[in-house]
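Right after this note come the structures.
First chain A sits with chain B, and in the next complex the same chain sits with chain C.
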Partner chain A sequence: MEEAYLGIDVGSISTKGVIIGRDNDILAGEYIWTQGDPIGAVKELLRRLEGQFDKGRYQIVATGTTGSARKLVGAIVGATMVKNEITAHAVGTTTFHPDVRTILEIGGQDSKIILVENGVAVDYAMNTLCAAGTGAFLSSQAKRLGIEVEEIGAYALRSEHPTPIAARCTVFAESDLVHKIQMGHPREDIIAGVCNAVVANYLSNVGKGKKILSPVVFQGGVSKNEGVVAAFERTLGCKVIVDPNGHLMGALGVAILARKGSGRQKFDFAVENMEFRTREASCGGCSNNCEIICVYRGDKLIDSWGNRCERGAKVR
Partner chain B sequence: MEEHRMVIGLPQGLLYYRYGALWQTFFNELGIETVLSGPTDRRIMDAGAALSIDEACLSLKIFLGHVAALAGRCDYVLVPRVSSFGRHRNMCTRFEALPDLTGNVFRGKGVKVLSYEVDVLSRKGEEAAFLSMAGGLGRSLREVHRAYRQAKKEDQARRKAAVRAEEQLYKSEGIKVLIAAHSYVVEDPYIGRAVTGYLKKSGVIPIRADVVDRDEALKWSQDISLTCKWEMSREIVGSVAMHEHKVDGIILLSAFPCGPDAMVNELISRRVRDVPMLNLVLDSQSGTAGVETRLESFVDIIRFKEGKL
Partner chain C sequence: MKDAMEQKKISFPRYAEYNCAFKYIVEQALGCKYVMPPALTKRTMELGAKYSPEFVCTPFKTTLGNMIESLEAGADTLLMTHGLCRLGYYGELQEQILKDLGYKFDFINLSEYDMSKKKEYIRIVRRINPRVNPAKFLAEFMEGVRMVEYLDELTGEYYKNRGFDASGGDYDQAYREFLTAMYTARCRADVEEGYRAARRAMQAVPIEKPLRPLRVGLVGEFYTVMDAFSNLELERKLSGMGVEVHRWMNVTHQFLQYSGGQKNMHVKIEDLCRYEMGPTSTANIWYARECAERGFDGIIHIKSAACTPEIDVMPVLQNISADYKIPVLYLTYDAQTSDVGLMTRLEAFYDMIDMRKKVL
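Let's turn to the complex of A and B:
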């Protein structure tokens, strides 16, 4: 049997998974919507990965999880590596693009920039309290304009005179956009303007003060939007690379980290059919009342977290 | 009938982390009992938030929670007004407003405020400010003067020891991260220590920029800004300038929404360019996931850089 490694990236909007071999070759890859149910999404993801995967030839010996539900999903699949998405993306991207200097990432609810020197991440920034210019903004504007979010790119590329749209803040961008629609600007131009606004917003919030050097790799759900890619290229004045596997990069990164890590645990697809449930408990050990999340497989508690001190351990 | 002995309540928020030792020794020397509000916890934070307007910063909310915790447990709650130490040496307006604000929030709620006013720009120094409390405390000027002198000595000795210990940390082996934050943020047991605790658990040595030789820091601060007008920000800015080459990363830790930090942290991130820097803003959200993700990835970046990941 050859060794294989599983990486799962559970974000707020989408759930991604890959199985890689010893040389980071992709044996299976899948991308589905989380739909507010990370446990259900992961089971569905595993079912699909299992279908693509030659179980007679390979055995998964290490599993990594990343994304905002990494802890929860890590407990369920018995992960040997649980890592934040920034590290996972940096590792994944530098593995497939060793000469990359700047990684741009715009996801459903957050956006990041990672600066790389000699294949090593040296600096990063993430949007702080504001979700301006993320995928959620694009999909709500698409809805307002009556088109599918997937169509934005094609519309934007047809525009010759993008409408200027206030980019500093989503709320202003939105009211500006409504105003421009009513003024009679063509839809293509407005959509191209929205793409420009996303880029301007990203560069002035997340990319603020960072030196963006080429080669630039663009990732996250929004990288599938050619309109935003074109706007980045125009603004930065350099080529922006969109990896065909860009949407899987976090999962790839954490699979690679799992491969490099020391933890080994044979993975069993039987997880798909197991019953998991979570329960929130209030510790009550002191007036902090920590919210503790307990994860059960059947009736057995397999993990818990959220307590600030050891007292919480008793609650489980 | 036994004589009632006066009890002074010290709220453990905001300036407590700057003057706590001074206050305690001062009242001890006068034979006046003090009572502390206790370490910040969820209950104190929630109580403070309920008493505040939304726009108040998290640290002010926490402070009001501490005052509430002292209600009924003391005769007076000490809330000084500290507004300036000289030219370009101001305090945030919150500290100017604090006694009035506290008095108004707790009007009719069993909290009496004891205050003193330090405003060097208006020729009101700290010593005179302490002497002004003599009448209210029922002590002679001489007694108060002696107690203040003693307290000042004790405070300076303690601070010196703390600075010496912190300076030692810069020489220790391992990954060192400088935390640029107000004392009342980084030292707060509920909000700040969650951050330093997480760093320690990850094998990183957190070092506090606010624990620094203040005179030295004020001098160094001119490397970064000549006109920064907030005293405590200036100390932190100076400490960053002093230590930026002795650490592997800097965390700008701020309680939302902080006016001075909004400007000063931006200034620091523009002037200090060759050290990895994380801008972390704490608010009253109970979830620590966002904070942990940012801290974990920041530590990873540093380890990456040193080839240790």
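Let's turn to the complex of A and C:
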């Protein structure tokens, strides 16, 4: 039996999973929508991954989880490595592109920039209070214009005169966009304008004050949008690399971290048929009233978190 | 009994751990009763946000919510500080909001006094308690000030070392006992002995530090950088990861020893910025560069949303970051009480400075 490693990245919009071998070779990879149900999405993901690789030849010995639901999913799958998505992305990208200097990442709810020197992340920034200029904005505008989010890129590339759209704030951008539609701007130009707005917003919010050096790698769900890629290349004046597995990079990164980590736990695909539920409990041990999340497998409590001190641990 | 009836019940909103000193000064120096406001919680924030203007800075909401909780606890006199930024207008607006809500109380707003004149301080003291004994007031007031100095000294030490506690919790325990001693101090001996006992207890705990531990400097807006509830326990989280957390900004350094310790700070940063930009900007820029020059592994800049003076500091920090190749993490806090997003950013920051240190 050869060793294999599973990486799962559960974001706000999409859930990604990969199984890699010892040389970081991808044995299986899948990308599905989270649809507000991280537990259900992970079960579906595992069902699809299971069918893609040779179970007779490989045995998954370590599992890593990342993304905003990393803790919850980590508890369910029995992860040996739970890591934040910024580190996971940095590790994944520097493994596959060792000479990278700048990593641009735009996901469903967040966006980040990671600066790399000698293969190590040296600085990063992530959007804080506001989700302007992320995938969520693109998909809501696609809906307004009556097209699929996957088609945005093709539309944008057909435009010759992108409509200028206010990029400072998503709410302002949206009202500006509605005005421009009602004035009669063609749909292609509006869509190209939206792509430019996403880039302008990203560079002035997340990229503010950061020196963007080539080679630049662009990833996250939005990197699949050729319109945004073209807008980045035009604005930055350099080539922007989009890895064919860029949408899986977080999952790849955390699978690599799980491989390098010391934890080993044979993974059993049986979890896809188990019942999991979560419950919120208020601790009440002191005036903090911490909200504690309890995760159950069937009727058995397998994990809980959210307590700020040991008084809340008793809920376990 | 009659005396107790006449005593004012004074409250000042929660502010980091300084309320023990406010309590001491109000009770021992001014001879009034101090109403300790409840610890800041989600409820405080909800109350404050409900009655505050939407775009005001977050400390306004926190302090307003806490004032309401103080009034509920029986306070009849509220005290509010003056300030050099929007803080200077907090008191007036908060008094108006609370009176509109129907609360009955006396409001002592330091912004209404000229705090550069000594005579004004006497006026304030006389207003709070006309029968105060000046000699006793001065002696006890100075003891309260000393309590602030002790608090800042041990808190600074605490966050530098607690991540390396080899005993598994004795250091935390010693610090907790120190806070209890300060909150319950009723005379000079209580303060002095509480401080000395805590220092001994903390020094007795075995600390195991690597040769070159990760060191991070905190800079930022005066309230949010210090108040654990407002910054979602940033210092506790960061030190818990095994990082030396350094913070210059505190009441002692900013007000009590400012003239003695770091006089003419603006001269040292003349090449970075020429004008005073706000109450804490000069100190923050100076300290950020100090951290960079001392070879720290990172700087974290903390502010509440829409804090204009601190927004002005950010471009200067970006220059320091580029000149000294030191990463700066910028954190903006608003009324949110979930720390999931903060943990993601902090863990990533830790991973980054840790990996960086191993390679560079």
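Definition applied: the second predicted complex is superposed on the first by the 316 of 316 C-alpha atoms of A that agree within 3 Å, B and C clash if a C-alpha of one lies under 4 Å from a C-alpha of the other, contacts with A are read in each partner's own complex, and residues count from 1 in each chain.
Here is the rule we use: contacts are C-beta pairs under 8 Å (C-beta built on N, C-alpha and C of every residue); 3 or more make two chains touch, one makes a residue touch a chain.
Not measured: the values here are computed from a predicted model.
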Fill in: Clash or fit, chain B versus chain C on superposed chain A
clash
Practice prompt. Once the structures are superposed on A, label A:Ile86 by its partner contacts, choosing first (chain B), second (chain C), both or neither.
Written response: both
Worksheet item: Is A:Leu301 touching the first partner chain B, the second partner chain C, both, or neither of them?
Response: neither
Worksheet item: For A:Val178, is the partner it touches chain B (first), chain C (second), both, or none of the two (neither)?
Response: neither
Worksheet item: For chain A, which residues lie in the overlap of the chain B contacts and the chain C contacts?
Response: 68, 83-87, 90, 120-126, 128-129, 209, 287-289, 308
Fill in: Parts of chain A lying in touch with chain B, wherever the complex brings them together
68, 83-87, 90, 120-126, 128-129, 209, 286-291, 308
Worksheet item: Which part of chain C faces chain A closely enough to touch in the complex?
Response: 38-39, 41-42, 233, 305, 314-315, 318, 321-322, 325, 327-328, 330-332, 334, 340-341, 343-345, 347-349, 351-352, 355-356, 359-360
Response to the item:
Interface with chain C, chain A side, in the complex: residues 68, 83-87, 90, 118-126, 128-129, 208-209, 211, 287-289, 308
Practice prompt. Write out the stretch or stretches of chain B touching chain A in their complex.
Written response: 41-44, 190, 194, 256, 269-270, 276-277, 279, 281, 283, 286, 289, 292-294, 296-298, 300-301, 304-305, 307, 309
